[in-house]
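Each chain gets a letter, A, B, C and D, in the order it is written, and its residues are counted from 1.
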Amino acid sequence: MTTARARLRELGITIGRYPTGPVNAITDVPGVLVGHKTIIRDAPNVVRTGVTVVVPREGRIHEDYPFAGFFSFNGIGEMTGVPLIDEWGVLTSPVVLTNTSQVGTARDALVEYGTRAYGDFAFKLPVVAETYDGFLSDSDAFAITREDVIEAVECAASGPVAEGSVGGGTGMICHEFKGGIGTASRLVKSAGHTYTLGALVQANHGIRSLLRVDGVPVGQYIDSERVPLPSSTGDRHPLSAPIEASSILIILATDAPLVPLQCKRLARRATLGMARAGGVGHNTSGDLFLAFATGNHYHEHGKEIWNIQMLPNSAMDPFFEASAEVVEEAILNALTCAETVTGLHGRTAYALPLDDLVEIYQRFNRVKSSEAPE
Amino acid sequence: MTTARARLRELGITIGRYPTGPVNAITDVPGVLVGHKTIIRDAPNVVRTGVTVVVPREGRIHEDYPFAGFFSFNGIGEMTGVPLIDEWGVLTSPVVLTNTSQVGTARDALVEYGTRAYGDFAFKLPVVAETYDGFLSDSDAFAITREDVIEAVECAASGPVAEGSVGGGTGMICHEFKGGIGTASRLVKSAGHTYTLGALVQANHGIRSLLRVDGVPVGQYIDSERVPLPSSTGDRHPLSAPIEASSILIILATDAPLVPLQCKRLARRATLGMARAGGVGHNTSGDLFLAFATGNHYHEHGKEIWNIQMLPNSAMDPFFEASAEVVEEAILNALTCAETVTGLHGRTAYALPLDDLVEIYQRFNRVKSSEAPE
Amino acid sequence: MTTARARLRELGITIGRYPTGPVNAITDVPGVLVGHKTIIRDAPNVVRTGVTVVVPREGRIHEDYPFAGFFSFNGIGEMTGVPLIDEWGVLTSPVVLTNTSQVGTARDALVEYGTRAYGDFAFKLPVVAETYDGFLSDSDAFAITREDVIEAVECAASGPVAEGSVGGGTGMICHEFKGGIGTASRLVKSAGHTYTLGALVQANHGIRSLLRVDGVPVGQYIDSERVPLPSSTGDRHPLSAPIEASSILIILATDAPLVPLQCKRLARRATLGMARAGGVGHNTSGDLFLAFATGNHYHEHGKEIWNIQMLPNSAMDPFFEASAEVVEEAILNALTCAETVTGLHGRTAYALPLDDLVEIYQRFNRVKSSEAPE
Amino acid sequence: MTTARARLRELGITIGRYPTGPVNAITDVPGVLVGHKTIIRDAPNVVRTGVTVVVPREGRIHEDYPFAGFFSFNGIGEMTGVPLIDEWGVLTSPVVLTNTSQVGTARDALVEYGTRAYGDFAFKLPVVAETYDGFLSDSDAFAITREDVIEAVECAASGPVAEGSVGGGTGMICHEFKGGIGTASRLVKSAGHTYTLGALVQANHGIRSLLRVDGVPVGQYIDSERVPLPSSTGDRHPLSAPIEASSILIILATDAPLVPLQCKRLARRATLGMARAGGVGHNTSGDLFLAFATGNHYHEHGKEIWNIQMLPNSAMDPFFEASAEVVEEAILNALTCAETVTGLHGRTAYALPLDDLVEIYQRFNRVKSSEAPE
């Protein structure tokens, strides 16, 4: 069942009609970097965990805030820093994605790092979010150190992004296959410009029977005899949900000049891509979505009036349509890139079999090729 | 192109895996009634409009409030009474769906009717919502009278519900076909009981190219040469959007004993069914969702403590999954039931051709039949 | 008990430390006009009602939207148009304040007026809000006509604003004295400019024992033997609250260049002034607050990028402090300007006796005069 | 200037008209415990910090959730666990209040403690909140350990609560005097029962000139010559605000049977007491309010329907009025109990001088004694 993994498009499957950016990743948005720190070990604890960081502004976020907005589709998860985003509409720190038990470690690491690197008030209320990887990884191990977090920040880079069982996604499970980190991007023509819209997800949610790939109910055709379910051990998710109904974090980034309220509108649209792929926001899921826009530059320092730009709301539709596409594809990239992982207590989360995926998809393939809308 | 219309299931197309109630309509929820008043005339103005009313509690809603919750996926629409729903978590009046220009007429009609029928404080802050039918109907006509609204309330009945170009849906357009009113229901086993979940939509949103039916991109296969677009006249929606990107109202009802916050959770899930069918919440759309639950009885009168029941949150997942199904099917029923309508300035909104729908669906049909989950 | 009424400052009582604008009214904000239509008659029904309109942009609001934000401190009231404000962050119509039963009449009047005056899409989702005047006025009379509403819009003017029992405030009761319309303004130095912040309230809320004037518990010193309570008849507010615990609408306006999220922040601060004067958001109150900022110009038409200005958040504090002052003073102006009114069934709402107010205030007067902060 | 400190009532000053519980503290609510861990040292770093914990259910909160609601008046602060509270309306962990830099330490400590003490899924998404004490304490010291946090949880007790410069309040500054922890309670008769409403605040907000004590503008009468301001050193708060405009955390608890939405209503009312005492929600303040109600018992385990009680909304007014009182008094108790503290770089935050307070208050004392309303 172990095969070379691939991104969705490498399998001949395309989501939607907007063109992608150069590497089809959130890093196509100028200045957005991604870093991973993956932690895999079998002793003294079985650990399959890590940290993924999205760093805007090529690292100068401490002095150049993008506008931002937040939306919770289902709130049984954690994202720190949200009250500030709701109040000021800005992002003031890198965004860290990790496991449930160590949000605090990552948060204080950012506080300390910001202070040391940039002076007293950088990263005081940072954004750290989580999904739960306790099925595969011993959460009692508290394996992530502050240094791991800072390493992920400092190694963040532009260009292609590792996906699947990597960084914060190392131990994650999605639609009852092995999940993790996925990303995608779209080019959006609006208001006379071409902007980039990128998504990065840490996908740890959903049940198999609801999984769809571009509308094709792939999950229904790969039953537990074909590929065992991770929940077969009877383990339970924290707060009493089955393991298969956990969380998804979605980060949307664009270089368009959106104002804060428009970022919130965009964050809400992340729901669309999740829904198309079969997510329903199960009861114990933390479906927390963050959108930021780098098209304006802002900082709290100083008291001079800022001259900013604002995309007219009437030019938002291409972003809304593309956000559905880019999130769906990012989720599917997480699935197609993640390899089978065996971890805690010998439990295994199996990779989505790519041969099956392609076969099922081709059997029902019926999307007309189409040009991107202007 | 005019053919006998039918509900989606009559065409052999089934959405999802939960079973329907007896008539597959919101009226399957005990005590929920639906009434329509359709207004079609050509002189002195060309009018294609009306009123649809959802009446809970077999009309005793003035003295027996269901719990309720509201969600706005995109707010360029109107629903009166929302601040009360957000504050108290109850529904205190029938729910009226009508056109944009006459929300006020319908609202004051309910106020007056409540006072006359039930005494001074009934229906003082009623729920009236709208979508825009000015493409087919002369909104300057202000054709709806207070009497029309009351007639719709008083004729509300249980049992099968007329769908398509009827009542508030008379002049509506959905995914660039003729739209309007649609409804569906599901039976949900949860916490040891079988509950009913029903949806009723007034669908006036979406673009054709994004329309999907159970994942099949039907809209891509029926181009404007096959069936003309309603926007071909170049008319524009209020507030500058193209006509095809307007609004959808979704009402969810259940007899489960939900508390107000759980109704809000359910209302948010209406997004899922809209997304699966291809809605994206275009910029000028009023995508306003209301969920109410009749499983408890409550009123503001008196100061005694109420004994109520609460479904555990851990039993909500079947409702969340079923809400996606029931909304998708209600939207599609609006499309398959609505007939072609010609109205203002000779403009025509064409019905979704059922032969095409069935042919395209069967060509790509690939959903395994499945039993409802327990 | 009938004496010549006066504004609070004419009585020698000053709220806070920021200076007022020229006429100490919301009309000090450039371009903001106010119009009233007062309807008082005794046959065939006893009517004490009316309409007050706040018209931004000297009437050109149909083509030049201010940014706006909304906050509900307690939602048992109505304000139409709120979903649009939450979504786009703009105000697209005049703001109408009236009684509970005729929100619909006023709303549809604005829709019709907008269409006729400015073309098809003006004022399609207008803002109309209410408080309940059924203690003094026969709400069954439905006395307000569409023409009354339009008259109020068209007569709106800059300069001094009539206060107390006028327009929408004609039948209102505040802290168990006669209430109604009140207004005030402040000059705010921020970010190198001097801006104007204005408030207009329709005050129909609160109980007497909690009324405070600049911290002095005036309400405790004017008991029901000195001035009878309006609730002595035992009448009840809609939705079962005592008459004395009804609603307050607060409109804040400024010419500062705020973005939508900052308007929402400002709207939330209206709570402060209400709280200082003794309001608590009683259970049946509709405490609905709207803030708009005219410092930027925006419209949905066109798809070009807008160049706008944004006050830095770090320059918001003077606005927050001034908003508390301006709302407290507007509420108190409503009380000191309103005359005693006798209405339906011979019921009387008594004016706050100004001699008592001044005597009690002077007895406990202890605010140091101070300069406005820079 | 150093005198024996006292609670406000010991000085003869009473806030409002509702009676207090036995010890006038949040611990009057049955089952609510409070624990402090205070950390004061001068080497190797100057540390004035700590942790305060509110523990509901006598520690059995892992298996018996109270309902809860959250409100952010100004969001420039952190409270973890809020998405869960917004979604489920329950509190699932102790509530920890600490400094800004170590929210993460406290959070992960709770996660670890919950797992070890109660099994795998306790305290996975705990509530930890912060205000900033970097003026007096070296935030680079990261002085708080996981053990400190757990010690505070385990030492939590009923009965009188230490106030002022203790626990999480050790380094806090309020209205430019020394601030910190304060608490108060009220007995509320409603719906035929007597309930307890308690507040606990970590007060680190406000400017001196706006401080009011029961309406008396005490802050105006104690100028910086009489008592120096803490901001005289020119230090700045994180994110660019002056030190004097920082944050306040407010926890409200009651044994009444509120449902989640009613807890949210109550949390919003915390604004009233803060406003009466002179708070305005300055730009950089984290004014985050949490209310929980122990009158019902609930847990996510199991799928059986819960029988719960619900106070009618019409019985909420005494809670709303009392919440204003109890928060104002808790803030003032923080001020009157906190002693002068000298810390980092020799900076001093001076205690509110009680002699001055009493003298100023008596000079303007004018509140009639009154009975509590029924």
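Keep this in mind: a residue touches a chain if its C-beta (ideal position, glycine included) is under 8 Å from a C-beta of that chain, and two chains touch if they have at least 3 such contacts.
The structure presented is a predicted model; accordingly, all values stated were derived computationally and were not measured.
J.: With centres defined by CA atoms only, which chain is the most remote from chain A?
T.: So the farthest one, by centre of C-alpha atoms, is C.
J.: Please compute the C-alpha centroid of chain B, do the same for chain D, then give the distance between them in whole Å.
T.: 45
J.: Once you find the CA centre of chain A and the CA centre of chain B, what distance in Å lies between them?
T.: 33
J.: Could you tell me which residues belong to chain C and also touch two or more other chains?
T.: Answer for chain C, listing residues that touch two or more other chains: 74, 87-88, 240, 265, 284, 300-301, 313-314.
J.: Indicate which of the five shapes (line, ring, star, complete, other) describes how the chains touch one another.
T.: Graph shape, chains as nodes and touching pairs as edges: complete.
J.: Taking the touch rule as given, give the residues of chain C at its contact with chain B in the complex, in rising order.
T.: Touching chain B from chain C are residues 72, 74-88, 92, 100-109, 111-112, 115, 120-121, 124-125, 128, 132, 134, 139-140, 142, 236-240, 284, 286, 288, 300-301.
J.: Which positions of chain C touch chain D when the two form their complex?
T.: 17, 73-74, 209-210, 212, 214-217, 220-221, 240-241, 245, 265, 268-269, 271-272, 275-276, 280-284, 313-314, 316-317, 320-321, 324, 363-364, 366-368, 370
J.: Show me the residue ranges of chain A that touch chain C in the complex, using the header's touch definition.
T.: 87-89, 190-193, 257, 259-261, 265, 298, 300-315
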